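Multiple structures are listed underneath, in structure tokens.
In what follows, chain A forms one complex with chain B and a second complex with chain C.
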Partner chain A sequence: MQFFGGSEINPSPQVPTASGNNAHMMYVFNRNGVCLLYKEWNRPLHTLNPQQDHKLMFGLLFSLKSLTAKMDPVNAEKGNLGVPQLPGQGCSFHSFRTNTYKLSFMETPSGIKIILVTHPKTGDLRESLKYIYGLYVEYVAKNPIYNPGSPVKSELFNTALDQYVRSIS
Partner chain B sequence: MAPVGPRSGDAIFSSIDRVNAELFTLTYGAIVRQLLTDLEDVDEVNKQLDQMGYNIGIRLIDEFLAKSGVSRCVDFKETAEMIAKVGFKMFLGVTASVSSWDADGTCCSIILEDNPLVDFVELPDTCQGLYYCNILSGVIRGALEMVSMKTEVT
Partner chain C sequence: MAAIYSLYIINKSGGLIFYKDCGTKGRMDTNDSLRVASLWHSMHAISQQLSPVNGCSGIELLQADTFDLHCFQSLPGTKFFVVCEPGTPHMESLLRYIYELYTDFVLKNPFYEIEMPIRCELFDINLTLAVQSDRVALLGR
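Coming up: the complex of A and B.
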């Protein structure tokens, strides 16, 4: 599947084709906590209104990052708990799994955070998240009409995302 | 699939879509010329070029990170090397070199041997204070600001 004309930098990771939808939701946040994108494919249960949901998600990730960095037994240099770590510095968590879902997370040094919630048996999605970041660059960062820091409204981006996410198991 | 390590500027440059170098140079020249006609004041033009570069830089950083796959640089020296070797190579196809480090390691110069922007360009006497490549300064400033590094680029 080629999304970029002729370019092969980020070939889609080889995954077995799966029928139906395995992803539940996806969030994209920027460094200030603004939710740039929220997509939902399969979410039977809504507990909070969207604003609270986004805030909760961002807060959760912020705390988790801080906690995992602080608890790191390997890395010598640690900030104080609660102090924001620069994106990309120190150790960073990449996923957690419960009995009903798995949440995968990726943060770039520029502060863009991509979160994908899928079913619990999903494998490691780090490559997929990198690919999605590549999609973000192509359709959003390069879009001259897009105002950085505001929610993304690009149809092309949504379509490409849909297509890609449906194909990962 | 095995994770792809950080790629060299060369590899990336050869694999992305490119535009004709002359077209790029001439377009940039036309932009600067139009700015000079509109604004007439050389300092204003410098500021505009810097602002344009800044707007480009804040988006460019995402593309740079996505395509090169590098992780966070440990210190400023590494950052400067990264910009000069990978960044310039990736986007302009030329390699820059870093030099003139000051005692603290907080200030350096990035030298471009052959700058595609200035091919065929001659500055007349009326525009002697013009920083013709100020857009590049803006790009670097914008990009670094998005990775939490406040810099001044001249």
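Coming up: the complex of A and C.
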């Protein structure tokens, strides 16, 4: 993707580390806004404490979905701005990019939201997010002692996730 | 082929000062376009808070299922954003060209009050010329 964002005032974006790990952090939310998982690989700047950060992220995504559903230039029937949308209803976004990071987003029909924050030059991560959802289904949803709606503490899931994210170029 | 659906210009406080709609189904009434513009202004600011590294200047590109949104923020804080078909090329250079038109026909107009809605005929005329498809392709070269 061509890149016109930079000016001399802003510092250049983070260069990928030698291990090939491009990802900064990852969030998984359920449909009620509970943060099921937060993983951080490379985050030099922490603006807010973790609770506020999760709430802000969830709020941003909720509002962006509302915005895209309203701005949709193709569908004639649109609800009013701010009305909560069901997962899959209305036009939803799949990624946004700033000069310092790229955020990729996926929402499943059950309301599970997977967010991956990476280096801005990363390509389309929709397939990767689908694979991560596959890992979630295998190691978390199918785990009989997992309590839905509570934070994920599965070792197997964390290991598999780490391995996979480090391999995304 | 450049397929631009709409163009918005918002002032540094988040108020909509210009809105042009080229699409057919996506038409919004005035109130909705004002709300959408303020919502975008806030989202742009929040995205800077969530950055993992220093020096974030806000969302530049938003990719949705049926459209792309390109945003350009000038140094004084005026935001220009365009809603277009997914994958339309040269939108960044188009936004910079629109910024040039803004400085030439709006800011240099002695009757124009800064931060107020734009009502400059020459700006409208040149903008219409700029969004024609062959012009946008020329800008890319």
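Everything that follows uses one rule, which is that the second predicted complex is superposed on the first by the 150 of 169 C-alpha atoms of A that agree within 3 Å, B and C clash if a C-alpha of one lies under 4 Å from a C-alpha of the other, contacts with A are read in each partner's own complex, and residues count from 1 in each chain.
Simple rule for what comes next: contacts are C-beta pairs under 8 Å (C-beta built on N, C-alpha and C of every residue); 3 or more make two chains touch, one makes a residue touch a chain.
On a predicted model such as this, the values are computed, not experimentally measured, just so you know.
In the superposed model, A:97 makes contact with chain C only, not with chain B. Residue contacts after overlaying the shared chain place A:148 against chain B, while chain C stays out of touching range. For chain A, the partner with contacts to more residues, out of chain B and chain C, is C. Contacts of A:136 after superposition on the shared chain: chain B is touched, whereas chain C is not. Contacts of A:127 after superposition: chain B is touched, whereas chain C is not reached. Once the two complexes are overlaid on the shared chain, A:109 sits against chain B while remaining clear of chain C.
Comparing the two interfaces of chain A, the one with chain B and the one with chain C have residues 4-5, 10, 13-14 in common. If you check the complex, the residues on chain B that touch chain A are 1, 3, 7, 12, 15-17, 58-63, 65-67, 69, 71-72, 146-148.
Within the complex formed with chain C, the residues of chain A that make contact are 2, 4-5, 10-11, 13-14, 24-25, 42-45, 47-48, 53, 56-57, 59-60, 63-64, 66-68, 70-76, 81, 91-101, 103, 117.
Touching chain B in their complex are the following residues of chain A: 4-10, 13-14, 31, 86-89, 108-112, 126-127, 130, 133-134, 136-137, 141-142, 148. Against chain A, in their complex, chain C makes its touches with residues 5-6, 23, 25-26, 28, 32, 35-36, 39-40, 42-43, 46-67, 69, 83, 89, 92-93, 96.
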